[in-house]
Each structure stands twice: as structure tokens, then as C-alpha cells.
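Below you'll find the structures, each written out as C-alpha cells.
Two complexes follow with chain A in common, the first pairing it with chain B and the second with chain C.
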Partner chain A sequence: MSAMLLNKEKWPEFVGKLTGKNLWAPKLEGEAMRFAPVAAGDEISLDYGNTRVPPKGAAFPQTETMYLFQLGNIEMEEPKLEEELILLGVRPCDARAMTIIEKLFRWDFDDPYYLKRRELVTLVGLACNEPGLNCFCSSVGGAPDSTEGLDLLMYDLGDSYLLEAVTAKGEALLAETKELLTDSDAGAVKAKEQLVADAGSKIKRTVDHSGIPEGLPGLWEDPLWKRVSASCIGCGTCTYLCPTCHCFDIQDEVEGFEARRCRTWDSCMFEEYTMHTSGHNPRPTRRERTRNRINHKYNYYVDKFDVIACVGCGRCINLCPVNIDIVEILRQVKEAL
Partner chain B sequence: MTAENPYIPYFATIEDSWHETGGDRCIKTFKVVFDDPAVRDSWSHKPGQCAMIGVLGEGESMISISCSPTEGKFLRFSVMKMGKVTQALHKLETGDKITVRGPYGNSFPVDDWQGKKILTIGGGIGQAPLRPIVEYVKANRDKYAGLTMIYGARSSGDLCFKGEFDEMSKCDDLSCHLTIDIEEEGWGYNVGFVPQMLLDLNPSPENTIAVTCGPPIMIRFVLENLKKLGFSDEQIYTTLENRMKCGIGKCGRCNAGGMYVCKDGPVFSYAVLKDIPEAFA
Partner chain C sequence: MDLEQLRKTAAEVVARDDVKYLIGWKKGSYGYRVAPVFVEDAAGVAELIFSPLCTANLATYLTLVEKTPLPRGQEADKRKVAVMVKGCDSRAVVQLLVEKGIHREDVIVIGCPCPGVVDQSLLAEKYGDTKELVEVKWNGDSFLLVRGGEEIKIPRDEVLAEKCRLCRFPNPVISDHLISDEVEKRDLAEDSGVSELEAKDVDGRWEYWEEQFNKCIRCYSCRNVCPLCYCQDCILDRLNPTWINRAVNFSENTAFNISRAFHLAGRCIECGECERVCPANIPLGKINRKMAREVREKYGFEPGLDPDAEPFQASFKPDDPEDFIL
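So, the complex of A and B:
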């Protein structure tokens, strides 16, 4: 795969080449960074830790129409998914998360919506030079320069970006912009390696997950679940903003005779999520719901798909309104083993 | 449930429908036939499987298929009137359409059970997923060593499939034992709870498979009593239910421990079930 250099002076032109397509990149909206459509290079802010909402919505929108119909009619119309999308500036953890949830969306039954959207998305990553305070990707199989799920990875070398193609889609992007690029050289590679090593050493939070997937079943009735969920207010932020959380609800929306069946993100931290129509709830309190969330990520998913369903992005820690900290929960799990 | 999109349902028309029970939470059975003849022909399900049935504009619910494939090219669903979707279903009459996708989940391993005696122990609406076993065994009498059915409900009015039991009592290798919780005038059968009736009948575990479904509290005591009678974990089966949305292992909510009830279940042997932490939660 090729590697090329892009001088930052050429950045506006580079972005210009891509804006002919549907281009989304991190943009400051209010006080938060968010992936949003961009038309020019100066709208993009690549000086960011990470976006508040992960880019999983590119393949798994927060709400999406599954099919449209009219009441009283038996015709069902599926939305046409054909528009390509480039996501520019995706953090390696978030791209990796998309490969992790893809395993579920391919499990036995292929999920046509996720897989089609995923196929239409090109992911251009940006390696992390400055990991966030609560980042712990390197503890869960990731790295500041992980290429899993990406088509192209950019490294910020100061005056220039080093662009490394990962897939054929990434190669094609390099080919389309080749007049703006120059060949990479030994100096650039060395600078990149140094940045990655430095970034790695700046990650302060760690999880030692050895023994956790196998050990969690034995801790089912452990008092730790009551303790770690005591302050939870059940807001669902940890799951909505998690790049690997994939649970959804299906609802019908009707306006007059026009109707659609749609799916929306859901959260295992909500009481209604598991409540039976009878009122019986197999996970009646936040203790059981928190226990399920941790087990799902660190036990069930490992069992089924051989990978932890957590990429260490730190969003659930950064944005929990009552400071529940998954790294701390895992430390307590480890201690209780 | 097309090849390309498993979320797209088929249409089926209600050929017949009737009330099994009365009251606020009444149970209505729908006999439906797929509109598309190709679907009618290609559809195949096994006892214990479920289907997502729905009303466009209201939503979908996972309901166990309460007929055996041996009964014909139709499906039966016995639905208790509970929430938004089931209330909408209850308003439908013969000739109306519902949506169906599936069949989902594993099934009772009825073929592995050939040569054995089958004992079903049901309570209330829990008889719906057991009925396909009863019908399957009735249709393949020579392949099974016998069938004993224990079925109970709060009152005689709460028993489903009542018209079907008389015929069973006329056969030598089939026996049907009904029970209700509270004495009623004119009730000629047993009075008492299902788990106790199981103990009183004292069936031998020899060459027998026991299958139970009903309210969680009933299942718990039935399992306890089956153990008392000497049944091994591998001889006991049950079927679980949980809230579901997708039916195909994606939406997340129906898991009991690491098992998705929609895909890994709904049928579990007690040998598997006893190690699933949330199975009886």
C-alpha cells in the first residue's frame, strides 16, 4: 500500500477535491466536536481529542427508516441506499469499533442496512498524537495508529500529513489527489514512528482484562454490582455515545396514512429496554443493567465474536453525568476475581 | 424475510380466529395463510419456533407458532391481549391481514426424541408453544412411545385449546391431565397447582423427555419436582421468552446471560439452562 505526504498548505485544495462527494468531518458545533457535512477545509477542525458522538452513525444512524408504507396498503418501500460518504478525521478507536459491531451485523443474518451503509463509507483516519485523559485503547487491542476498519490513515507530522493507504478505497483516494501529494521519505516515516511511540506513552489509563471474560460469570452475585451502579441515573449516555453499542429499538411512526417502520438507538441502561408487557422485568434495577452492560462488552461479546466490545475511547467516562468510570469498574472486577 | 432483507415481513390473511379465553387479558387464536403461494410452499417451521407477527402502523411482537407443521400449510398464533401490538391484533377478524416474518429460533429436538415417551407440562398461555409438540407426536404416533400432557390454568375459563382434549382421552398411548387452581362447579378434573399434579401423577423418568412452559414461578417448581422424580438435566426442556424487537440477534435486549433467546433459544435443555445466570430472572 502506498504512503504519500500532503503539505498542509495544500490542505484546502485536498479537501476541495473531496467536497465534490458527500464529505463529513469533525466540526465545532456549540461546545462539542461533531461529525458534520463540510464544504471547505477551513470548516474542519482536526485539532480535537475526539468527537462527542462517535461516527458509528455513518453506518448505523441514530434513527433510520427500514421501510415505508401506507396504512391499509400492502406495498412496502425500502429506502435506496446509494450515496457514498467520506468520513475524514476518524480516530482509530472509532474505526475499529465499526469492525467490531460489523461482526454482530453479519452474525448469521446479514443486516442489510448496516452492511450497505458500511460499504458506501470511506473512512479516513487521523492517528492520535495527544490521547485524551481517559483513553485506554492500547489496553483493549487498539493503538493510536490502529488501521483496523480504516481505508486511509493520516498522521499529523506538523507541517504535513503523512497519508498511508490501508485498502483499495484508500489507494483510490490517494490516486484522485495525487497532484497535491509528494512521495513519502525515510524522514517522514521516522517522524511518524516517533509520534506514535510518544502518543502510546501518553496513555495513562490502563485495563488489565486478563481473566475478566472468564471470571465475570463467577461474580454474578458479587456486591460490586450494587456498588458501581449506586450513583447511576439511567440516562443512557454511556451507551448512546459508545462506538461499539449497537442495540436498537424498532418503532412504527404514522402521520395520516403515511407510515414508516424505523429503528433507533436504544440503551440497555433503560428500564423499558427489557420490560415485558406484563410489567415483569428480568433486569429490574440499575444493578442488573450495569452488570449486563459490563458482561456484554467484556464477556458475552468475547465468547461470541472473540473480541472485547470496547475500544477504550473513554467517552462513557468523560461524559457520564455522575462520573461512573468503566476503567474503575473493571479494576474492581479484577480485584474481586 | 426476503433473502436480501430479513426485516421485511410477508403478508398473511386471517382465515379463522376465535377466542380461547375471556376477560381483560383474553387469548385469541389466529389461523393465517400466507398471501404469496410461493411463501406458503417454501415456509417450514419446527415445533418450538416463533415468528414476528405484526400490524403495520402498530408494530411487531414475537409470538410462538402454536401449530405443528404436520397440521397443514397454515400458521396458528395464540395471542394474549396485553400491549399495543397484541391489542391491535385482537381487533382483527377473519379476512384481515397481518405481517409475519420468521420462523425464528431453534426448536424442540423432536426428531432426537423419537422412540421416547413425551411429557408436556404447561400452564396458561404456556401451552401455546407446547401444543406443536402434542400435535407433532399425535401425527407421528408410531415414532414415539407415548404422550402425557399435564395442563393447568387458574380456572376452566383460562384453559386454551379446550376442544382438543376430549379426542386425546380416547387414545391409549395419549393421556391428558387437566387441572385448575380453584374448585369450580361442574369441573370433572383435577383441582390444584400444576407442579403438585406432576408429583401426584408420579411419571417415570425412564425413556422420557419432559417439556415445560408456563409462568416463571410454575416452571421453577416444575423443574424442582422433575428433579425429585429422578429426571436428569438432559431429559428436561423448556422454552423462554423475553422482550424482542429484531428476532435475529441484533437488537440486543432478549439475552439471558450470553444467550440470545431469539437465536440461541427459545428452547433450552435444563442442562444448558441451569448455567445461564438470568434464565429465570
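So, the complex of A and C:
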């Protein structure tokens, strides 16, 4: 796969080449960074840790219309899928997360909604030079320069970006913009390697998960669950902001005679999530829900798909209203083993 | 702040046979974070702190208790719960008493007179965040940031939380134990956030809120953290009928946010928790403070001050000039 250099002076032109397509990139909206449609290079802020909401919605929108129908009529209409989408400036952890949730959407049934969208998305990554305070990707199989899930990875070398193609889609992007690019050289590669090594050493938080996937079932009734969930308020912040959380609900929504079946993100931290029609709830309190969140990520997913469903992006830690900290929970789990 | 006094009082309270636990604050897992803690015995009181980082309103936990069906023959635990409250938080306790969401004999209120808390995101933005646990203290008219042996004096106004600039009740309005002398009330800042919005025309306001509500991801952290959003059966969770669709779009997001604001009119005690926890940075405080301002100016009513008050939304005067309700 090829690697090219893009001088930052050419950045507006580079972005201009891509804006012919549907282009989303990190944009500062209010105080928070979000992936949003952009029309020009100066709207994009690449000087950021992580976007507030992960870009998983590109393939797994928070609300997706599956089909439309009219009451009293059995004909259904499928909404047309949008055009191709380029996500520019995706952090390696978020791209890796997309490969992790894809395993679920390809599991016992190929989910047409997710897979169709995923195919339309091109992921242009941005390696991390400055990991965030609560980043721990390197503890859970990721890295500041992980290419998993990406089509192209950019490294910020100061005056220029080093662009490395990962897939054929990435190669195609390089080909399309080649008049703006120059060949990579040994100096650039050396600078990149140094940046990656530095970034790795700046990651301050770590998780030692050895023994946790196998050990979690034995801790089912451990008092630790009550302790770590006592202050949980049961909101969906940790799950909705998680790049690997993928639970959804399906509802019919009706307005007059117009109706649609849609699926929306759901959260295992909500009481309603496991509520049975009978009124019985097998996860009646936040203790069981918190236990499930950890088990799903560090036990069930490992068991089924051989990968931890947590990429160490730190969002759930950064934004939990009451400082429930997954690194701290895992430390206590490890201690209890 | 006298931590010894706090811990001594707390130890006496949790040692009582009729007390289940005390809800307080402890140091969090990193940096400026502070976490709620449930202290069940005297050994646990050493963790308790009270500092400018203790932003969370712990009164929320009084109604957040999940009651699962009891096994046959087992009695419900009816012991009291003690809770640490700042001035604003104490108003939530009073409002809960007014609404009979809790009963006076079930709670012990540990009042913490509060000179104002810091806005942690402002603090992190201006002074950097850190993995190491750091302390922030009150120091006359400033905050003292203690980090790695170094003490940094921060002018109060630089990092003070917005709700504290507007605070009219720094001292608990109800308490069984007061852990320090009352603090002096300060001059009030003008609520410019609300006034600026009031100055806009209808279209301008609509545009403003459209942009804000479009950001909502419906995680419900605002509802869940709110000490006064404690309906057992919330319209948001209802499916039959579905009052609010699960779809996340401007229409449903607006229905949700406006419903919540109306349900809080005359009840919101302006603790600012909804705005603090919102991961989408929606300025929810503005909407709730606007409602509070309306109720205050039009009806002369202020929630969460008098436990014997009639609930605002449930009271009616026979000489009310409007006769539509009869």
C-alpha cells in the first residue's frame, strides 16, 4: 500500500477535492467536537482528542427508518440509502470499534441495514499524537496508530500529513488527490515512528484484563457490583457515547395514517431495556445493569467473538455524571478474582 | 471547611441504629473528580470530603432507590437515610417534602453551608486536567488548587460554576446537623443568559432552541440526575400510549425537553445538575431558570423553601381571576 505526503498548505484544496462527496469531519459545535457535514477545510478541527459522540452513527444511525407503510395497506416502502460518505479525521479507536460491532452485525444474520451503510462509508483516520487523559487503547488491543477498520490513515507531522493507504478505497482516495501529494521519504517515516512511540508513552491509564473474561462469571454475586453501581443514576451517557455499544430497539411510529418501522439506539442502563411485558424485570436494579455492561464488554463478547468490546476511548469515564470509571471497575474486578 | 467536624458528625449519624447509610461526597478516581459515596458505618466516614469540587446534588439519591419485591417474610428496611446537602441541594429536599416524595422522619439532613463550587470543565480548560488526584479548597475570596505540592490561587470568578453566580441560597434551608457556620450571602450576578434569550423575538428563540435540541442524544442524564424528576411512571418510558417516540429527531427531542421543563415549572430549585451532566452541552439551566423566573415574578412563588408550602402546580385560589379551571 502506498504512502504519500500532503503539505498542510494544500489542506484546503485536499478537502475541496473530497467535498464533491458527502464529507463528515470533526467540527467544533458549541463546546463539543462532533462529526458533522463540512464544506471546506477551515470548518474542520483536527486538533482534538475525541469527538463527544463517536462516529458509529455513520453505519449505525441513532434512528434508522427500516421501512415506511400506511395504516390499512400492506405495501411497504424502503427508504433509499444515502450516497457514499467519507469520514475524515476518525480516531483509530473509533475505527477499530466499527470492526468490533461489525462482528455482531455479521453474526447469525447479516444485518442489511448496518452492512449496506458500512459499505458506503470510507474511513480516513488520524493517528493520535496527544492521547486524552482517560485513553487506554493500548491496554485493550488498540494503538494510537491502529489501522483496523480504516481505509486511510493520516499522521500529523507538523507541517504536513503523512497519508498511508490501508485498503483499496484508501488507495483510490490517494489516486484522486495525487496532484496535491508528494512522495513520502525516509525522514517522514522516521518522524511518524517517533510520534507514534511518543503517543504510546503518553497513555497514562492502563487496564490489566488478563483473567477477567474467564473470571467474570465467578464474580456474579460479588459485593463489588453493588459498590461500583451504588452511585449510578441509570442514564445512557456511557452506552450512547460508547463506540462499541450497539444495542437497538425497534418501534413502529405512526402519525395519522403514515407509519414507519424504525430502529433506534437502546441502552442496557435503562430500566425499560429488559422490562418484560409481564412487568417482570430480570435486571431489576442498576447493580445488575452495571454488571451486564461490564460482562458484555469483557466477557460475553470475548466469548463469542474473541475480542473485547471496549476500545479504551475513555468517553464513558470522561462524561459519566457521577464518576463511574470503567478502569477503576476493572481494577476492582481484577482484585476480586 | 472543618473536615473533622464533618466526619465526627457523620460517624455519630451512621452509628445510630435507625440510620441505613449516609450519602456524601468522596474523592473521585482521578483529577478533579468527586464521586458520591454511601457510608454505612463509622469506618467509612474517613472518605468523606466537602470541597469546591462537590458539585453533584446528592438529594437525587433519596428518590433513586430501587425497590425490588421482598422475599416472603422479609421486612422492608425502613431506617433513615442521611444526606449531605449544600444550599441549593437542600431546596430539593424541601421540595421533595412538599410533594411528599419523601417524609421528614425518613431523612437526616447534614447541611453544608457553601461558598460556591467550581465548574470542573472551566477548571480543566484553564488549569489543565490531570490523572493525579488534586485538591481544591476554599480560601477567602479565591479557590486554592493544590497539585503536586504546588498551591495555585485562583480568583473566585474565574472558575465559579454559573449556578453559584446566581445563587441566592448558599446556606441550607433545612438541616438537622450543620457542619460549619453559615456563609455570607453575596451580591447576585444578573442572569444574563436568560435575559439575553428573553430579548430575542419568537423566531430568534425558536432558532436558538432548535439548534440546541437538535444536539440532544436522549440519554436522559438530565432527567435521571434531577432530584425532582422522580415519577415512578415517566412519560418517556411509556409505550402504550407512546407519548414521546423513541426516534431521535428535532420534533421528539423538543417534545421531551419542553415536557420536562413544564413538569419542573415551580418545582426546579436551580441546582444546575441537568446542565452539568448533559453530554451534548445543551444549556438546560436557561430553560429551567426562565420558568423559575416566570413563577417567581408572576406568582410570587419560590419552590423548595418552606416544607409546609402547597405545591405550586397543585394549588388554586378561589379568587383566582381566571375562571377556566372551574
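Criterion: the second predicted complex is superposed on the first by the 336 of 337 C-alpha atoms of A that agree within 3 Å, B and C clash if a C-alpha of one lies under 4 Å from a C-alpha of the other, contacts with A are read in each partner's own complex, and residues count from 1 in each chain.
Everything below uses one rule, namely that contacts are C-beta pairs under 8 Å (C-beta built on N, C-alpha and C of every residue); 3 or more make two chains touch, one makes a residue touch a chain.
Just so we're clear, the structure is a prediction, and the values are computed from it rather than from any experiment.
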item: Superposed partners chain B and chain C on chain A - clash or fit; value: fit
item: Chain B versus chain C as contact partner of A:130, first or second or both or neither; value: neither
item: Partner chain(s) touched by A:251 [first = chain B, second = chain C, both, neither]; value: both
item: A:241 touches, of chain B and chain C: first, second, both or neither?; value: second
item: Touching partner for A:300 - first (chain B), second (chain C), both, neither; value: first
item: First, second, both or neither for A:171, with chain B first and chain C second; value: neither
item: Minimum Cα separation, chain C to chain B, after superposition on A (Å); value: 5
item: Set of chain A residues, in rising order, touched by both chain B and chain C; value: 249, 251
item: In the complex with chain A, residue positions of chain B that touch it; value: 4-8, 11, 35, 56-60, 82-83, 86, 97, 216, 241-243, 245-246, 248-253, 255-258, 263, 277-278, 281
item: Of chain C, residues touching chain A in the complex; value: 28-31, 33-38, 56, 60-61, 64, 66, 68, 121, 129-131, 215, 217-221, 223-225, 237, 239, 242, 245-249, 273, 276-277, 279-281
item: Partner chain B, residues of chain A touching it in the complex; value: 66-67, 69, 71, 74, 76, 78, 104-105, 107-112, 217, 220, 246-252, 254, 259, 261, 263, 266, 268, 273-278, 280, 282-283, 288, 292, 295-296, 299-300, 303-304
item: Complex contact set, residues of chain A against chain C; value: 29-32, 52-53, 62-63, 133-134, 204-205, 230-231, 233-237, 240-241, 249, 251, 253, 262, 264-265, 267, 270-272, 284-286, 317, 319, 321-325, 327-328
